[in-house]
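Down below are the structures I want you to see.
In the two complexes below, chain A is the common chain; its partner is chain B in one and chain C in the other.
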Partner chain A sequence: MTQAVDTPRTASRQATFTGLKCKECGETYQPEAKHVCEDVCFGPLEVAYDYDAIRRQVTRETIQAGPNSIWRYRAFLPVETDTPIDVGTGMTPLLSAQRLARRLGLKQLYIKNDAVNMPTLSFKDRVVSVALTRARELGFTTVSCASTGNLANSTAAIAAHAGLECCVFIPADLEAGKILGTLIYDPTVMAVQGNYDQVNRLCSEVANTKGWGFVNINLRPYYSEGSKTLGFEVAEQLGWQLPDHIVAPLASGSLFSKIHKGFQEFIKVGLVEDKPVRFSGAQAEGCSPISQAFKEGRDFITPVKPNTIAKSIAIGNPADGVYALDIARKTNGTIEDVTDAEIIEGIKLLAETEGIFTETAGGTTIAVLKKLAEAGKINPDETTVAYITGNGLKTQEAVKGYIGEPLTIEPKLNSFERAWERANTLNRLEWQQTLV
Partner chain B sequence: MSVKVLIPTPLQKFTQNQAAIESNGSSITELLNDLESNFPGIKARLCDEKGDLRRFINFYVNSEDIRFLDGQATPLKDGDEVSIVPAVAGG
Partner chain C sequence: MTQAVDTPRTASRQATFTGLKCKECGETYQPEAKHVCEDVCFGPLEVAYDYDAIRRQVTRETIQAGPNSIWRYRAFLPVETDTPIDVGTGMTPLLSAQRLARRLGLKQLYIKNDAVNMPTLSFKDRVVSVALTRARELGFTTVSCASTGNLANSTAAIAAHAGLECCVFIPADLEAGKILGTLIYDPTVMAVQGNYDQVNRLCSEVANTKGWGFVNINLRPYYSEGSKTLGFEVAEQLGWQLPDHIVAPLASGSLFSKIHKGFQEFIKVGLVEDKPVRFSGAQAEGCSPISQAFKEGRDFITPVKPNTIAKSIAIGNPADGVYALDIARKTNGTIEDVTDAEIIEGIKLLAETEGIFTETAGGTTIAVLKKLAEAGKINPDETTVAYITGNGLKTQEAVKGYIGEPLTIEPKLNSFERAWERANTLNRLEWQQTLV
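And now, the complex of A and B:
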């Protein structure tokens, strides 16, 4: 489907957001490029809205009549313009995952498939579309980010579309697909010799010295709001109702808390009925500071040094970790972690049952889904949504050596017949092994 | 025990706009008290009422997060560099 993009600018509609507010102490600030409560407690800032104004602007019908992208929810997003950067981001499939459900003993399982989000095949396109639209409004001409890979892809691509200068920072050891998938848009790429937390800290310092819009630093209050659309879309795609249980990956914890915020906002303005939704989070064992805190009953996060193949979610010092903990606990959800071997099995399981090739973060989510289902922590009758946030073609290294090889044959019928018989014999042997 | 302390922009109004200052103390706790005596008001911004560092403030000694060291008891020696970084972002 073709989506109209970037029509000429017209007059601004009435903005529905009023400013920024500290999540910790409630201090308010002007809606500028600022992410820290500088005047009081150094807590994170969040966008504050006028929900009466949103209620006046929005009905189910106005949303359904809107663009086939995240911008159908524009009244809930912190931008002023009538012409946001719309590259067709969002409205990804919500798939009824019946074969995976049967394998896990569940009945009502859905996959929200952001492995096919546009334009760069991860959920990050949602947050970047919002951040760069706001960056343009605030007058930035250069944009930047601290990324584990997917964000660099997305920032570079959407900046190219919007004609913004771009400089991204990544850990030097990222998967080849993520580096190539950034360089193709011709930004400046800084490959930092360190882990993501070191990249992040460096970017905080750069943000203080350069007049750049860092999507996940000084623009983070706007950027993170884009993740709410993963909540909005699921509610709309389920026929304007909320699921019973969601399972999502945890890196910084931002996505998880914004899906929760999205559901709460839809309830607040009367678009869906209020009901309890359980929130469960997934981490890789090699980087599980939030899961550890959850299991130990702590309300604070002790940072860790990441060591996992799930690089896209390898954040050892998660900015919103305490908020994710709080949501999992108060919604009667859980937070679990899985090994790298289980992550690979998770990637394969989703591919083999549903035809979706996800990256390591998605493998983590599926592996945790499986673990929770086996432990009886998901009621089989619950409407459960697992969020798949990225595409497996970007992290091919992770599964190399764990999947089959092509059967090389000559261009002759008998060569094919021999190979086919051999393949079937191998299949039978595998079945026998499974049965034993 | 002289250490170099890097002050983030929002706190530079306490340090007469200096981004880096020399301070003293054999631990982070002592450093906080020394900072307060030279730049009154700064400690209340970094610590809560109980004197514990606020949860969104990060201290690094020679680039290592003090939560990987001994927290506020982390010892300091001559020539160390201490960075104060507010609110982690990212992700």
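And now, the complex of A and C:
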């Protein structure tokens, strides 16, 4: 193992992970940069843990005494070092969303707000912090990813902080904020003329020819474990209890599966009591392969060609789609999709009621939450957590033209008074129209 | 006092603030919505505290056991309620900036990163959380502000969460991200054809005619106290010690003065040991009235007409400028200004070394930090904290055209290989040119 680049201390604690294990056939592998069960079935590899060792190391108190970041859950994460790359990622607010709840006829609604995650304002900072810490341990000096935008932002930023070389791959048609929000950290950016699924296939080939650590390809087993912290934090923030129902966006399906794994692990080591948690997933209609399979009762995914404003979740061939399907079904949850117009309304609804500006993926989640609430698929008394995974400042194009304009005035009191009168008259007219 | 809007519990703890006090003549006032010493000298009013009461209520342990937000310092904040508006504001990371430090020849450099403050990614969320909590206590149902952008974002967002009506005033020429990042919360937005100082004057008139709570006018004494938490957090995050030197941007000068007040209060109640802390301030050359006064040895500010890309700190007639001047002088600090080109370089430098994308105000701070380090005005061994106050996604215009472009490729391995080869050749050429 290589030592940490800018924090040259050796690992002192007993590692709690034992290696990699095929999710399909159970074959085990050394904890290297590998993501596919090459020897047997080509299933996806996952990190395996020694839960007895975790149980011996961890209590609620040791976690609470840990850092104010995902690294308070270090025993559950696949790294050996005691000095992981910690840029303050995680421990984002779990907000009691009383005004949104009232609008939707719910009573116990919470927003887990990763729109303000550190450093790059999406849940991807969690997975990248873990992946790059592991990449350093495995000796990589260049890191890479296939991204719909947020992952590129995060990989470039955290690589910059850690002093790692970085080359990211994105679809060429991404939102301006996501491209600029990557370039600013000075990585090499490859804008691929194709959709995410084509970017992803290209990256698999590149991973075979270059000795790079692709966070979501050869490092994927480590990377994806970072999403478990979205389960851990919610359980801790609810006072060491699980919620009754969660709603999260579905792109590859990995986030969804790992929140589930996080809850299960907390039960397994005795940090929370076991109870049923319903898992509901959100997709955009223009890229809804998992939702379609759910509705049609299929246990396989038929890939689609994405066409939606929700680009960050526009994965037509989702790697963990079948696992997400399985979890939604066995927990008595639902998978639903919404139109682009509903996504924009979802973004606005969350902003107007709770003061949270999310990107299109978050709009999708809120729109699905609304649809499920209206259809009676969320019990009003259920403690429900909606996961907001990214920030609206990165997808400004999506809402431009749908949020009105400022009233332009001169710097004079009477100019203000006239504008204020006009605004109130318009508001009254709109209000009367809603009554007609 | 009116009760909280959506959290109808009464205040249970002893209030630690006693009223308002004129900063100039010492005249005292009831803790109402008032900011000027109307009865005597027209000086600015400030909140006065009973520090014995605070000392009795607060220890390091009670603070650490408090919420993970600015409200852990509630005893030092001018509100009576036990249920303030808490949207997770504050407790942003204090990052050890080793790569940036090496570039600047410093050894103990930290970045206090309010670019990821919650909910709207600037330090303004601190002052607005306090101001709107106090506004509710004082019975206001509509809140307002004069803003260079960040304050409008924050006021609109937190008002939305709290269910308060909101009308904000901004200069009409603000960055697109700041306008959209306000409109999304559905307040009334008045875009004033003039600079910030004209907006501010208009708002003073409006405050006299409407019964609104203007966070930075009639509520200013409460509002500005929120900035003290940037002092408190740094002291706590350094292990209950003060730094040797801080560098912060200067707009009105209020932030700077309140960080100073925060340190002094922690000393006063015995939470940290007394020691000298140098205060250095950063301005943009295109709006540098405080820096000019500092350099010319004046103890008064001559207002200027702003002309800089650093719009969020472009205040030509800074309300607390003389206090900032005084603090910089008596602590043996400096006030310096930098050009727009240096500001852009500052933004890039912080992103490339530490993975933090800040707006123009943060670029100003980093550029001044660099200038001071190069001039030997920061001792390399001093524990230095640079305050980053806002997020770069809101001022994308400033860096567009200065950060390169992605390499566009086809989704094919050989297209990637050619682009990669080209990029490396270009890098080598650029490298050779730097050697010439």
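In the analysis below, the second predicted complex is superposed on the first by the 426 of 436 C-alpha atoms of A that agree within 3 Å, B and C clash if a C-alpha of one lies under 4 Å from a C-alpha of the other, contacts with A are read in each partner's own complex, and residues count from 1 in each chain.
Throughout what follows, a contact is a pair of C-beta atoms (placed from the backbone, for glycine too) under 8 Å apart; a residue touches a chain by one contact, two chains touch by 3 or more.
Computed from a predicted model, the values in this text were never measured in an experiment.
Of the two partner chains placed by the overlay, only chain C lies in contact with A:68; chain B stays clear of it.
Of the two partner chains, chain B is the only one that A:44 touches; chain C does not reach it. More chain A residues lie in contact with C than with the other chain of the pair chain B and chain C. When the two complexes are overlaid on their common chain A, residue A:300 makes contact with chain B while staying clear of chain C. Of the two partner chains placed by the overlay, neither chain B nor chain C lies in contact with A:308. In the overlay built on the shared chain, the residue A:93 is in contact with chain C alone; chain B does not reach it. After overlaying the two complexes on the shared chain, residue contacts for A:201 are found with chain B and with chain C alike.
In the superposed model, A:383 makes contact with neither chain B nor chain C.
By the document's definition of touching, of the two partners only chain C reaches A:348; chain B does not. Shared contact residues on chain A (touching chain B in one structure, chain C in the other): 198-199, 201, 205. Residue ranges of chain C in contact with chain A, taken from their complex: 6, 68-69, 87-88, 91-93, 95, 98-99, 113, 115-121, 156-163, 167, 170, 172, 176-177, 179-181, 183-186, 188-194, 198-199, 201-202, 205-206, 209, 347-348, 351-357, 391-394, 396, 399-400, 403-413, 416, 419-420, 423. Chain contact summary for the complex, chain A toward chain B: residues 24, 35-44, 146, 196-201, 203-205, 208, 214, 216-217, 220, 251-254, 300, 302-303, 305, 315, 317-320, 322.
Chain B contributes residues 8-10, 45, 54-58, 60, 63, 65, 67-68, 85-91 to its touches with chain A in the complex.
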